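First the structure, which I've put down as structure tokens, then a few questions once you've had a look.
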Amino acid sequence: MIDFSISAETAALRDEIRAFVIDEIVPYETDPRLTQHGPTDELRGELVELARKRDLLTLQAPKRFGGREPSHVDQAVLYEAAGWSTLGPVALNCAAPDEGNMFLLSKIATEEQAETFLRPVIEGHQRSVFAMTEPDGAGSDPKQLTTKAVFDGTNYTINGQKWLITGATGAKTWIIMADVEPNPHGPSGPTLFLCDGNTPGIVIERVMSTMDRNYVEGHGVVRFDDVTLPQSALLGDVGEALRYAQLRLAPARLTHCMRWLGAAERAQSIAVEHARTRTAFGKPIGEHQGVSFMLADNEIGLQQSRLAIWWACWTLDQGARGRHESSMVKASVSEELYKVADRCVQVLGGMGISDETPVAMIFRDMRAFRLYDGPTEVHKHAIAVQILRRLEDRR
Amino acid sequence: MIDFSISAETAALRDEIRAFVIDEIVPYETDPRLTQHGPTDELRGELVELARKRDLLTLQAPKRFGGREPSHVDQAVLYEAAGWSTLGPVALNCAAPDEGNMFLLSKIATEEQAETFLRPVIEGHQRSVFAMTEPDGAGSDPKQLTTKAVFDGTNYTINGQKWLITGATGAKTWIIMADVEPNPHGPSGPTLFLCDGNTPGIVIERVMSTMDRNYVEGHGVVRFDDVTLPQSALLGDVGEALRYAQLRLAPARLTHCMRWLGAAERAQSIAVEHARTRTAFGKPIGEHQGVSFMLADNEIGLQQSRLAIWWACWTLDQGARGRHESSMVKASVSEELYKVADRCVQVLGGMGISDETPVAMIFRDMRAFRLYDGPTEVHKHAIAVQILRRLEDRR
Amino acid sequence: MIDFSISAETAALRDEIRAFVIDEIVPYETDPRLTQHGPTDELRGELVELARKRDLLTLQAPKRFGGREPSHVDQAVLYEAAGWSTLGPVALNCAAPDEGNMFLLSKIATEEQAETFLRPVIEGHQRSVFAMTEPDGAGSDPKQLTTKAVFDGTNYTINGQKWLITGATGAKTWIIMADVEPNPHGPSGPTLFLCDGNTPGIVIERVMSTMDRNYVEGHGVVRFDDVTLPQSALLGDVGEALRYAQLRLAPARLTHCMRWLGAAERAQSIAVEHARTRTAFGKPIGEHQGVSFMLADNEIGLQQSRLAIWWACWTLDQGARGRHESSMVKASVSEELYKVADRCVQVLGGMGISDETPVAMIFRDMRAFRLYDGPTEVHKHAIAVQILRRLEDRR
Amino acid sequence: MIDFSISAETAALRDEIRAFVIDEIVPYETDPRLTQHGPTDELRGELVELARKRDLLTLQAPKRFGGREPSHVDQAVLYEAAGWSTLGPVALNCAAPDEGNMFLLSKIATEEQAETFLRPVIEGHQRSVFAMTEPDGAGSDPKQLTTKAVFDGTNYTINGQKWLITGATGAKTWIIMADVEPNPHGPSGPTLFLCDGNTPGIVIERVMSTMDRNYVEGHGVVRFDDVTLPQSALLGDVGEALRYAQLRLAPARLTHCMRWLGAAERAQSIAVEHARTRTAFGKPIGEHQGVSFMLADNEIGLQQSRLAIWWACWTLDQGARGRHESSMVKASVSEELYKVADRCVQVLGGMGISDETPVAMIFRDMRAFRLYDGPTEVHKHAIAVQILRRLEDRR
């Protein structure tokens, strides 16, 4: 039955997270280790320990790894609370890319792989990387993969270039997508590999200067120079990378939306406070409709986003793959929350484009959000393909 | 617990309504009695009888009047199905203004008033009118009421001018809002009266030519020339009209949204079919992203609207007055569905602006929808006032 | 040198037109012969005589036909003034489709054809038709032409179906686009024919019910049943219809923009007046930013449209074909003026969707404007093709 | 007469600027001295010398100071060319705030003041500051000025706080707005003072971290601690600061638009090149309408902006104060160019949010542009006030 109530247990946990983030994490927002290109690994370590002390670390982990394994809908409630500060998910260890990587590894890693590469990430001691996107386009269209793996019957040797590899610097758990070339020893095609970041041949050329500021250690440019891996480094089956990537993507897109919803609410709360207290032309600026309509649009946009996220999560909880739903939600929520952040900047005036409040940072992150995990246009295309394919059955 | 499933019973009834509308009502859309300014009373009578035969008439009526009294959420599901044809709600007797008037009367009419004025409307034998809006503005801002009622201790004598009075021609049950002037005999202020449309002094000057086409007998300009009513014609208490109007408004706004959601889905279904079958530049136009992105935006907009409606209904079902929620939903859903209809027109090309499909009619109705029950701007203002007033309590 | 001044002569003529339209034409806007689907031929006849009396008829005609042959820029100034009433261009004989047809015929008709088919149109005694668009899509993509002409060496026999044929009923001068089938006697391909509306086989099946209201006698559905025409009925060369259509289109798109600019200004002037005089919540509604920002956006949109039109006209006056420029201007001006009209409806509130003012009619016409002469999407596609083809030469 | 041609002389100078910027300035865009918060003074010095060598420095200066004193329209053409790189106007010494300050000083400084404070700025040896905006709002609404000047009959002593003071660090020529308190010695009210940046009591507390990146030395927070100035430091008359600020503002707003138009064109050129060369799903991404429509919208937006700027400049050249026109143009051009930059980011995908191209930087600057020199909302308010005040005279 249609219902919008949150269980008492989830609500309690949400409130705990909220209090933790406001009391213990928000003060770190002015820490210089939150650089123009994301928090440093050091800052991250400090935040993770705070969450560990409160027993709020990696709540989403599978029960077999000591987590609470909440439903997707419950995750939506909890991550929204965590997102109030962009550092909140970092502290709680539910930020990208680790969150999605943990999800994927918990689904397809062997037990041995999980112990070596997943458990330390869940425990907050290591970070992970998903090395897929490439300068020539293997982001929106993964079929353009140019990183190649040559299999000689014993080892895979990987060569190629990746970029926009989030959190590459300092990560230990590496998931690498490479195209296994046709070979006489077995299957070929896009494949995931799982290895240690210290594997010889993994070269982090540089960290890119990007607009967003919430990913630990930013986004790297990575080169694979004859990275040689044994067969045990295969993550899942050869040739199945795109399917696994999809498996990771639908929920990962949604968790992005959840966290950003929290950040957008934060921006709105700052804008509302400003509109209440700052005066112009003889009254609080919030009493000018030029400002108040922006706040109203934000109120609507935030609630719409929340409902959309809950709905898509619910379909996942019902067992759907949720690819269509998550595309709809990613496309609309990223655009909507971006507008919310943009209006907050505008309400704040000159202060809005400065780091006097976190709004400018949230705005910059939101701008990036419209692009990562597939630009809005790619999602719209996918949605439309679905619509046109659907057999009309209006009874 | 957050849940988006529809009960089996409601789903069954929805399917029944859907089948009825598609099979029996849609064919009437090309009936000439669906004029440029709405269905005639005669057409309405015919449609109502079809619904009566299927036992689908006035499902929403209170149980004491033989209805099923569904929850607001269930209404959302059912009215959406009815709205597939703009004539659907007319047939099922859940169209404006009767639907809202029945709701209001069932809440505040005396038993005697209900028997005389409400029951025949519920039974589909009569229509009703809510005479509030005035040429000089007592629509968005009801405080500007210029229709006056003078009380002499025995009778109220009403004089004034109303316009945009939906369904005035031929309606028997009239609810009139007038400002009782200060008098020595009792209280004063904006007051509702309930009377018969044949009461002397009620003059329908003309029917307005309006853009929308779905209200039975269109919108009238009405003059009250010394309309004299006894005290028993008071609907509720003197001076309470604005409160009653609000009581009617929150759910009435939502039922508008529900019905229009159905109509917008219809438009989208026609657009999708066109995009699938019509070719240009060598392929179905739906394969051009200029078209397919519009369809994707529509898919998103429809689902967002549905979720918003469900949520606001659910808050009403929980006992909330829902004024803030219904304002949010009316403002966003009317704008969103309008965009859906607009895109459908665009997808259809030249055909879209013609009556070869119902899309042009739906578009015109949607344009009006952004204005009636309060223009978007009035709702945004109300939402913002609420936001700025709310005490922040982020724990 | 960049200059935005209007010559004294043109300004004087513009003022004359403006006065004529306001004083003599506007009163006809409530004439019942301005039906839901356009002015009748009778009304048109009356209006034309008024313009003739003022010596304002067909000012744009070539000098050899007694016109003033103004530059495109001057036309922009004059047609904007004429457009203040949607009946203005009808009266002045510069409305679509006659205006574009006269332009085309003056370019490619033989002297004899011009005397028979063009002169009476210029003189306001006859109307003309451009029969191109077809139900299956030969509008946006003229290559889908299904109307066929069979040439037997002596005569062309035309069969096919057209729709959205503006002003078909009662027109004498017909330009018909048909695809001459390959034949042993001569060339083939899309071809224009010029003939009398009374030619046997031209059947006007019905007039379509469309949203717009400013075309004389609306838009017809036309069937060609063995319409047999001699070789002298060829308008220009066989196989050249698409080139001629383009020749007509660039300026015809612009004249649409000019006329609609005038109409949008009219809507804005009504909205401004309403915003000044109507009060809500204690002050003129124009002092609420929710309203005043719409008026400001309109002021900007109108001026932007005017500048864009002038610029494109100027490029035509310099001898450019102006296809790219006119696409840019048609796409942006139609969308922009539509928004202006939409905001005016919104400012007027309930009255905005009624025919109490001409704003609702202007809105409906504007909606159609986004589709005829190529939907916005087709123009954007053409613009982009041009951009991508253009060799960058940034020195 | 309406004309869109550029004089041969201006076109030649434009081409010279364009070549200079492309050849000599663009390479500096990756210079580390172009920091996250603007070019350093050192970088600026180097660029200025390049322009000096080409005789392109401070072209806009009055003839009496050795400049070319171009018309506003010619400035539009030249600054657009300079804006191709955001460092272009810095090199040519026509960037904000110096450009506006030079304009103001050339209008109201005494001869002596001009020699001391204006000439070195014109010659590129010093920079200048306009210290108006304050943390509590004296930006959009200058009446909220809290910086006070006390006059004791001999000296003015200034105390107060300013922020978002562009280029404060290192500037020598300071224009300070302060409110002269009522005093027995003479007039009072908002007043401009002109002094050296080394005057005791001028304290630059810190440089703000802001989103934009094109102002030399960024935006400072400034404190005035008993800054004591003689009467000769008065710039113009006491109490006239707001009038002078307006005098500066109309043209300064327009020169912003001109420079940003050039930057937006640059972004578009990068996006077009990307769309041509990058492939996805089997073809250049520019052939997907999801991308190509963005390029088309940009093409339109750029041309609309150019036309609007030219028009407003022309009104200034005709002697108008241009306050209404410059508000219209600032409001629409800033929003439009922002959309252009946003679409370019989107077209570039992941690369768009990185500093791999200057597009991300241009986007960030554009975001700020919607706020400085008055947020869009303040301009819309001003435009509407004007509209509502205007006496309708439609003859």
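We call the chains A, B, C and D, going by the order they appear; numbering starts again at 1 in every chain.
Note that in this section a residue touches a chain if its C-beta (ideal position, glycine included) is under 8 Å from a C-beta of that chain, and two chains touch if they have at least 3 such contacts.
Just so it is clear, the model here is predicted, and its values are computed rather than measured.
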| item | value |
| --- | --- |
| Comparison of A-C and A-D (more C-beta pairs in contact) | A-D |
| Copies subunit D and subunit C - interface residue numbers shared by over half, same or different | same |
| Between subunit A and subunit C, centroid-to-centroid distance (C-alpha), Å | 51 |
| Centroid distance [mean C-alpha coordinates] between subunit D and subunit C, Å | 42 |
| Inter-chain centre distance, subunit A versus subunit D - centres from mean C-alpha coordinates, in Å | 38 |
| Residues of subunit B whose C-beta touches two or more other chains | 288-290, 293, 377, 380-381 |
| Contact set on subunit C toward subunit A in their complex | 288-290, 293 |
| Residues on subunit A engaged by subunit B in the complex (per definition of touch) | 1-7, 15, 18-19, 22, 73, 84, 269, 272-273, 275-276, 284, 286-287, 289, 292-293, 295-297, 299-300, 303-304, 307-308, 310-311, 314-315, 328, 331-332, 377, 379-381, 383-385, 387-388, 392, 394-395 |
| Residues of subunit C defined as touching subunit B within the complex | 36, 133, 135-137, 139-141, 143-144, 163-164, 208-212, 219, 278-281, 288, 290-291, 342, 345-346, 349-356, 360, 363-364, 367-368, 370-372, 375-377, 380-381 |
